[in-house]
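Read through the structures below before going on.
The following pair of complexes shares a single chain, subunit A, combined with subunit B in the former and subunit C in the latter.
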Partner chain A sequence: MSDATTSSAVTKTPKVRFSPQRVWTMAMATVTQLIRMKILAFLVLFCLLAVGAGFAFSVINPEQQLSLLKSVTLGALQIFSIVIGVVSTALLLPKDLEDRTLYTILSKPVPRFDYLLGKLIGVLMLIGGGLIVMDAVLSLILWMRQSLLFDEAVDHLRMEKMDSAEAVTQMREIVARQGLTWNLHWAVWAIFLKATVVTTVALLLSSIASSTLFTIVITFCVTIIGHGEALIREFFFTPNLSGMTGRTAALMLAAICPDLAQFDIVDSVVNGEIVPWAAVLNMTSLAAIYVTVYMFITHLVFAEKEL
Partner chain B sequence: MKHKLQALAVLLLFGVVKLPLEQHVTHELRAQGMLQEPIRLGVGEDLGQAGIAASLGGLRGLAACMFQLRAHVEFTYVNWAKVDSLYKLVTRLQPRNSRYWEEAAWHMAYNAASYYLYKEELKPALRGQLYHDHVKRGVAILKEGLRFLPRNPRLWEKLAEIHTKRTYQFKNAGDAYWNAFQNGGLNYTERFAAYAYAQSNDPDSWQKGYAILKRLYDAKKATPGLIEFLKLLEEHLRIPAGQRIPDAAPVRQVPAPEEGPRR
Partner chain C sequence: MPDTPAVSVNHLTKVFKGTLVKGAFRAVQDLSLTVKAGEVYGLIGPNGSGKSTTMKVILGLLKPTEGDTSIFGVPSSEVASRSDVGFLPENPYFYKHLNGRETLHFYGSLCGMRGAKLKERASEMLALTGLEDAATRRVGGYSKGMLQRLGLAQALIHEPRLLVLDEPTAGVDPAGSRKIRDLIIEFRSRGITVLVTSHLLEQMQEVCDRVGIMAHGRMVREGRLEDLIAVENQTEMVIENASPALLAQIDALVKATGGDTRLLRSGHPRTTLERLFLEATNEAKKS
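What follows is the complex of A and B.
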């Protein structure tokens, strides 16, 4: 009887509780690991691109120049955030396995969920930090170009004797709408939210897959389908548009992929639309739901994974 | 295995539950002007839009910029067919950006039209034909843009300018200027609508023009141009002498004709 009790006490593992501090340590270690992989070299490339887009093409009008600067740089931010999110997440788990770091970590009283969350937060911190730096560079260049272009445009109007108060006011409005506003930062926030969802999907796939290439390819496929998910969903919701097979296929595809087009407010921002708080709240809530559910699924898969 | 099945069940269940939520958020974001409404242009066009949306995702703006720059290069080579086709692509990618419609129409109605009009290697009849074809193309581009942006004053104004300066359809020009003013255009678009109506051959348009100019005159917003066109309309409409404005028509300063053949 006493032997049985002793044996039971030995096999029973103590329950380790979730620790934010442990997650933070894991996240910081991930950031360090990614920085050592020289992933942030993209930042330098971005700065060069922003300066180039900001000061090249002086033959086109001020509105075009500012719009071009915003389109090119915000496009580069999207590419940066998604590529870094997918590639770094896809690399992390296999690298930890290869280096045997994963075994060292999990042999300690570290729950697998803490490990996963730490990895996700680490990648997101890197993307977020990069986006903040690039947003600052973009804002600075846009602000400089905005004032220069307005002066140039007014000089041009004066030369053509068209500098009526109305025309100058209109030019000011155009340049101000295309220039530096809070909307630009909301666009960057939307880009971050999209990257967060894609990174979580990459982590989920990485926990299932055995190869990095598989994770990268499938995540990019999900990203592409995710941008057209709204169309697939509307196809499913529109009655009499297709047969049962078509609708079932549409439902499966729409169910598996997140709707990434909901974070595509960049075009509206470039066109000078004002981003309302409700839109920001909608996007943020939706991203939070995706991340929570996908992380839960990742945890279910990873908890059972044989390492 | 048990957890994997649970994970699959959660993924599918969440997938089904999220659809109405996503649909609701999409509609809200569209209502707020943050996301583009799906564009209904016919089956072929719908498929094109779907393909573009899916393949480019949030990079449509960037792609449009790249094609616009390419079109600018073709413009410097005066390759108008290429400019037109590239702008068609640009406006497909960004149909709600009025700037692209404006530029596409400007290239066709002014640059390309003038290029052919003065291209001396071509026979005169062909030059005239190509001129008119390109002006028509410019008008068609703006009208297409106005299907997407019916409340955009700038597009209405550009359409009015083409009708005033190129097609000489003053009634259409007046209507377009009037639409620009009604949709938030600057004050001069109201005056310009009346000026265009005054130059048309349509008595109903004269009445419209007269009503606008008389109202502005009574509101003490008269300019020399306004008085000149008001006088013209008083003549056209045979306004009784007692109801005519007391001002004399401003003397028009006609510049000395330039020497040499007029181009």
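What follows is the complex of A and C.
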């Protein structure tokens, strides 16, 4: 160990700036912590069960079967990416404070913003990793299932002596539209973006409140309200529907809560509709704006927080 | 060039805001202290006297209501002030999923260390704190004493010039406690400034150059340990080869006796730091 400098002369201490390496260190520690809490395993297990459930219902035709598989799996991914984002974020900050780990971290030359960003990225890496795995599994199952269903449908047409080239081509198009397409990946991307926005809201609430339960409950309330932003706007803009107080409350809710309905493309994907690039770009930009604004407010709150 | 203290606290007051149920709480009141570079400074006081609050303000974890604090001349409000500080909180916990070595790598990385230098430094700190054998064990399985030593290792990982130790021996068995005391003495010999709080006054007496005694958020005594524990209105005589008869007439005879009997030293006998602490804190309670 080298001796410390006892010279008490005034030394110029360099300013501590934002460091991607430091953020990465925090993010990796968060990912490791969550993985060892078996959170990712829980996500994957549940989604595999959801995939299994997608085959469990009786169906009329191949199109319906593929649509049902996507609907159940994407729905499960949507719910659990949000649940994991909210619960993990609500647990991590109070736990660091309670265990005094936060003291040992922030008494090092670590800006509070780096700590917050590291935590957020860690949770998002876990959700993103889980979604990538599930996207790959679902893609594989859809691809296998669509080949199988197409062969079965052609056999069926042949048995009924309706296997004209035109009928087979039509069947191929129907199955392909409901099978593996880029739209599936866009749906998973939209799920990730929505989970990202909700997780950032949870981080903001977690930096304000000291209670994990409060953070979880309020974030879920914000998530529910966020899905009904269109209703709130309608309420606000419809004259004579409410008094000044109600309209002000509606305006405040609309301003505070993110418009999560903007990320709802799962139904379109399940129905076999094509998601245009522009819609994907819009969703991504909107998520980036929400995350930036919420992180900025979180930083302002956390920078002033007494630990 | 003027000397810059390792820690400077100027007229610090810290008031915690009240709630609807409880009123505001004044934890520290107009506190000033200076820790010189290279010394071991002990901050002692009963529970709730404001020691930990003072440490947190120094480390930038809390904001002062009034006054200011700085570390090596850099205000505590700046993140850069923490570049030269290692902190061991009371009863520290670390991420249970990491082992001892991974924990040190984590804290080292936060301080901008990386690669071979970080690995080497982590091994060095594990050896210094006697945790080499437990380096690959999960921190969740560490004993209290091992956690404290790991806390010291993480505090030292980035070679700080100042160590802030909040109750470093709390809950540690006597052997572990002695080991930590020896480490503090070693840090001083290496020129590291140490600001330490503890309830174990005997140990503080062994390691501190200067002490400050806090009670009810105020500094009630401060100074060099040797000066503080001297009793001004008493005289101590240490005599070599004195006979019982000589002891009875000591004042009158000692100069006249001559020969092998010598008055080696006269001065102020010492009380214990513990007694001084109790007196000082009781005085503050009465006033």
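Things to note:
In this text, the second predicted complex is superposed on the first by the 271 of 307 C-alpha atoms of A that agree within 3 Å, B and C clash if a C-alpha of one lies under 4 Å from a C-alpha of the other, contacts with A are read in each partner's own complex, and residues count from 1 in each chain.
Assume a contact is a pair of C-beta atoms (placed from the backbone, for glycine too) under 8 Å apart; a residue touches a chain by one contact, two chains touch by 3 or more.
Note that the coordinates shown come from a computational prediction; the quantities given were computed from them, not determined experimentally.
In the superposition on chain A, A:144 makes contact with neither subunit B nor subunit C. Contacts of A:97 after superposition on the shared chain: neither subunit B nor subunit C is touched.
After superposition on the shared chain, subunit A has more residues touched by B, the comparison being subunit B against subunit C. Look at A:107: by the touch rule set out above, it reaches subunit C but stays clear of subunit B. When the two structures are aligned on the shared chain, A:213 is found in touch with neither subunit B nor subunit C. In the superposition on chain A, A:72 makes contact with subunit B only, not with subunit C.
Look at A:33: by the touch rule set out above, it reaches subunit C but stays clear of subunit B.
In the superposed model, A:21 lies in contact with subunit C only, and not with subunit B.
By the document's definition of touching, neither partner reaches A:136: not subunit B, not subunit C. Residue overlap on subunit A between its contacts with subunit B in one complex and with subunit C in the other: 304.
Subunit C meets subunit A in the complex at residues 1-6, 16, 36-38, 56, 59-63, 72-74, 78-95, 97-98, 106-107, 109-112, 114, 124-125, 128, 151, 154-156, 158-161, 164, 190-193.
On subunit A, the positions that touch subunit B within their shared complex are 57, 59-60, 63-64, 67-68, 71-72, 74-76, 78-79, 166-167, 170, 191, 194, 223-231, 233-234, 236-237, 251, 254-256, 258-268, 270-271, 273, 275-276, 278-279, 282-283, 286, 289, 293, 296-297, 300-301, 303-304.
Interface residues of subunit A, counted against subunit C in their complex, comprise 1-11, 13-16, 19, 21-22, 25-26, 29, 32-33, 36, 99-101, 103-111, 304, 306-307.
Looking at the complex, you find that subunit B touches subunit A at residues 1-4, 6-7, 10-12, 14-16, 18-19, 21-23, 25-26, 28-29, 32-36, 38, 50, 53-62, 64-65, 68-69, 72, 94, 96-97, 99, 103, 186-188.
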